[in-house]
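There are structures below to look over.
Look for chain A in each of the two complexes below; its partner is chain B in the first and chain C in the second.
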Partner chain A sequence: MESAAFEHTVQPLTEHNGVLVALKGSIDAHNAPQLEQVMRELIEQGNRNIILDLSQLQYISSAGLGVFMVLYEEVQEQGGNVLFAALPEKVLTVFDLLGFTQLFQFFPTVAEAQRYLTSEQSEAAND
Partner chain B sequence: MPESSDTKQRRWLQRFGIGEVDAQLLPQFSLGGIFYFIAALLIIIDAMLRGGGVSAAEAPYSVPELLLNLLFFAALVFIGRLMAQHRLGRQWEAQQILKDFFRVSLLIGGVFSVLGMPLDSLLQHFFLARMLIGYPLVAIGILLWLRLFVSLLDLGSLGQRRWSLGLMIGFALYLTMQWIARAFALEVLDVPLKILQGALILLTIVAFWRLPWLPLLSQKTRVHLVWKLLLVILALSLAQSVLDDTIGTILEHYLPGGTKVFSLLSVLAILWASRIWLGVLFLLPAGRLLDRRAREVETLTSLTKMLSREFNIRKVAELVTRAIPEISAANAAWITLKDQPDELLSYGLLPEHIQPFLESTALQQRLREAQDFLYVQNLAAETGLETLYLQVGTYCRSLLIMPLKTAENRLLGHLWTISRDPYAFRPYDIRLLWSFSESIGIAFERAQLFEEAVQKQRYQQELEIARQIQMSLLPGTLPEIAGLRLAAYVSPALEVGGDYYDAVQLRDGRWCILIGDVSGKGVSAALYMAELKGSVMALAHESQSPLELLAKINRVLGPTFQQKMFITLLAVAIDPAAHKLSVARAGHPPLLLFHRGELVRVQPRGIGIGIVPPEKFETLMEEQQVSVAPGTAFLLYTDGAFELQNASGEDFGLHSLEQIFVQTVRAEKQQRADFVVGGILRALSTFSEGQSQFDDITLLVGMFEASAPAWEQESRTKEIEADGIRSL
Partner chain C sequence: MIERQIKIAGVPEELAKVRAFLQQTLEAAGLDDEEIYQWIWIVDEGCSNIIRHAYHNDPQRFIWITVRITNERVEVEIQDEGEPFDPTQVPEPDLQLHRRLRKKGGLGIYILRRLVDHLSYEQKQHPQGRNRLILVKQRTYNSSTIPS
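Right, the complex of A and B next:
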């Protein structure tokens, strides 16, 4: 199998204390460590909320899913959120089968994910 | 003749320097010898009868004298021809021919001068001494002269064979003409004889001008040659001087003109010997160098041969560093590798010896700047480094560093050669070490590639063993469950992987079929798979339900997983009596059930094993019960079965797998689960068109036996009836 490649763009979401990460391409066992590196750096930079825009993601293997597991644990510890947005049906199926839909929050669009963060923040402010 | 006569004859011939004679030539030599000595004896008798003249035989010779001499001449020609025939037909080593030449020359010198000279007055005055010593001595001496002549032809044939052939003909002509001139007292022939004599001397000089074989001799042989040739010249000069005495007079009785002929032969032989002597003398000073070159060429050749056979870098380095002091001005050598700067490859040197070189920034700087090689002619003057002592006897005043490169010009390391003398490396050494370092570079590269190939092969063998072990962890045969037919397929993958399936009995005796997939690939996935198998075996008997089994597995295995690691599992417990399946799913793709003409995805809630802590895991799981009936078919699979792609990059997808499953089950009238597996695989194979993704696939099909396929409610009643007969 030819090795897959993915690209990522990071956009800061200052009002949400987080980042919007858009992933594009394919993630498999070969480039999963690269994805892990990217995500770790974002967490270490103090980003509590991460919205992942996966609209351009074509394929993700089990090793790629493993990266999000780590992410979940670390963000959870810091009281943050990992939000998945705009997943193509095929990718969503993969997340769903594994049970990730019970673990993370999924949104049809990035805007909805942002709205969720806004409302959560306001709730926290109200408390 | 008795048996031993052959060896006796050979010994005689060897004594005359004829050496090994072919068996067929032996009788001819014997015949010639007998002929020769009869003729010689007749001459002695003749001389005796005539009072054994002290003066030269008077010319012209009388008729009986002429006849006798002619007889002797014929015998001489016969033997001479045999000798020449015997010797010239062979290839001789220069050393052997020279040895032969010495033997004959010294023999002549001995016979004629040592015996002849002191005996001269005795021979001159006493008749009996002449008859008993003089005549036989000369008869034997003539044979020796003949051998000398042949030996000279041998020597000549080492160089210019054509000239030496000309010499032979010229000399034979001279011999004949001298004989005629003397025997018949023909003074007219004197001038042509003088001309011929001059021509022969000239020819000799030409024939021996070049001595191409001389440099090939070892220095030791050459040193020996110097004094041996002096001895030869002395011996031949003395022998020649004897020809003017009584010996010469006796010679004329055998061979009219013999004194002139042999005197010329001596002159020619002395000329030859002198030329060789001079040649050797000129070569002596350069001889050591010549010998060194010869040794270097030899070492280089054998080294190149060894390098092409050796595949171990360390051994290559040892061979090379050991050989370099032998072939160049270097006193020691070592090799450093670019990839392993700490490793020193050398023969007999220790890392601490060369540490100062590696630590010298001046040296390293110059090495980086050097275009190709680096020559530090005077270490102290150029780098400010003191003379570096490596070990006893090995210290460094000049240094030559050659790069070791691959065939593609990639730098592998350096070959360091040092000398205890400043300015030690001359252009010759540099050229030699340069071309040598090229060979080493290529040998190193080859050795590296070989090592990699060996490691890769070893790794592949290990993987193959791991694969075999892994395959043995999967059930060879599936259990016999009343009313259910099971068949499984696991891809004969080239590598180890994380696919798993099994059939185990739960605590209540129900059979539980499991299929699983370890995330990731390769050896780590395979090891987790083995761990999974173990825990399934241990936990199944303690579990009441698939859900409990999965929960227990998660409890046991989950904490052992590395981060990012998880396993998906699907467990299906079968209760044929109750026509029921209990399904629990830990993140695995759903069970496909074809029941009563409909396809159902059985996908209870669940999450992969090892993702969340046990408490959370159990809250996320559920177990689902589904009814089955005779004729119901189900399919368990790993994601490889629907994630494959075809050549144009299109995904197969879960939906396509479902369709294929339905189609295959419908088409399978014999309710053979293995046929269904085969049908699905064929469809997958057709789709992927031989793409490599076809590897990681596991399929497990179960079919509940039916007297008549009840779900077949479509318009194919006839077929159903026909099939019904087969029911069990």
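Right, the complex of A and C next:
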């Protein structure tokens, strides 16, 4: 059933200088400002890499996506990444149809997103 | 044909009510999960746009949403009494540029237009009438039988 709110949990990813943020529920025009505040605080705390666990995400509207439109480049400029992981199949299908999968980095699981960060870090260390 | 209607106030807090109404109505009519998800997204964007741009979050103004379902298609009509805004006239955004420019808004109409098969808009200045946005989408083969 559709819910009116979203919940989030934050788990540190110390080896990646970042956090794993699990989003649950629905993100719409009403609560997108709340999502932006959560994300901004995490970035201001110095987290460079953010993995979003979206496995429990019921719904996200353009207002929610707008938050990531704003923050994605900002995080990248600071040498970090915002990675989308474990998006439910029906959501991913529509994202693909709309071309949003070309805009952000998507991973089937959180573990694969973490492996990507590990490989990026080892590449940077070898440079 | 099944026809259901809901009226909401022009504030974003009401969007969850619209989504729950659609979920319930479309599920009862036998639409599959993916179709329901797309319709929820389409109508949420249509209403969000009216709430933000035409009503400026005014709880004293209203939106009327009517869903009509047949075996072949779903039609949703969204009526409002705000300043007319024709979504058919909005140019398609360049998504990459949108992200590079860090634009927060402006994707709702794009989403709505891309996900429906047909859309039409009829504007009428209040109090002579209401603006009417009509959205149509064919049902997928798997869901195309209304339960008796």
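By our rule, the second predicted complex is superposed on the first by the 121 of 127 C-alpha atoms of A that agree within 3 Å, B and C clash if a C-alpha of one lies under 4 Å from a C-alpha of the other, contacts with A are read in each partner's own complex, and residues count from 1 in each chain.
Here, contacts are C-beta pairs under 8 Å (C-beta built on N, C-alpha and C of every residue); 3 or more make two chains touch, one makes a residue touch a chain.
Here the structure is a predicted model, which is why all the values come from computation and not from measurement.
Student: Could you look at A:L52 and tell me whether it touches chain B, chain C, both or neither (first, second, both, neither)?
Tutor: It touches nothing on chain B or chain C.
Student: Please work out whether A:G99 is in contact with chain B alone, chain C alone, both, or neither, and reply first, second, both or neither.
Tutor: both
Student: Going by the touch definition up top, name the partner, chain B or chain C, that contacts more of chain A.
Tutor: Counting residues of chain A touched by each partner, the higher count goes to C.
Student: For A:L83, using the defined touch cut-off, is the partner it touches chain B, chain C, both, or neither? Pick first, second, both or neither.
Tutor: Touch partners of A:L83: none, neither chain B nor chain C.
Student: Scan A:G66 for contacts with chain B and chain C and give back first, second, both or neither.
Tutor: Touch partners of A:G66: chain B and chain C.
Student: After the superposition on A, what does A:A29 contact: first (chain B), second (chain C), both or neither?
Tutor: Touch partners of A:A29: chain B and chain C.
Student: Please work out whether A:V91 is in contact with chain B alone, chain C alone, both, or neither, and reply first, second, both or neither.
Tutor: second
Student: Could you tell me if A:L117 is touching chain B, chain C, both of them or neither one (first, second, both, neither)?
Tutor: After superposition on chain A, A:L117 lies in contact with neither partner.
Student: Could you list which residues of chain A make contact with chain B in one structure and with chain C in the other?
Tutor: 1, 29, 62-63, 65-67, 69-70, 73, 90, 93, 97-100, 102-103
Student: For the complex, give me every residue of chain A touching chain B.
Tutor: Touch list, chain A to chain B: 1, 29, 32, 36, 62-63, 65-67, 69-70, 73, 90, 93, 97-100, 102-103.
Student: What part of chain A is in contact with chain C in the complex they form?
Tutor: Touch list, chain A to chain C: 1-4, 26, 28-30, 59, 61-63, 65-67, 69-70, 72-74, 90-91, 93-94, 97-100, 102-103.
Student: Where on chain B does chain A make contact in their complex?
Tutor: Going by the criterion above, the answer is residues 517, 519-521, 563-566, 568, 586-590, 603, 605-608, 611-612, 620, 639, 651, 653-654, 692-693.
Student: Going by the contact rule at the top, pick out the chain C residues touching chain A in the complex.
Tutor: Listed in rising order, the residues are 12-13, 15-16, 19-20, 22-23, 33-34, 37-38, 40-41, 44-45, 48, 51-52, 95-96, 98-100, 102-105, 107-108, 110-111, 114-115.
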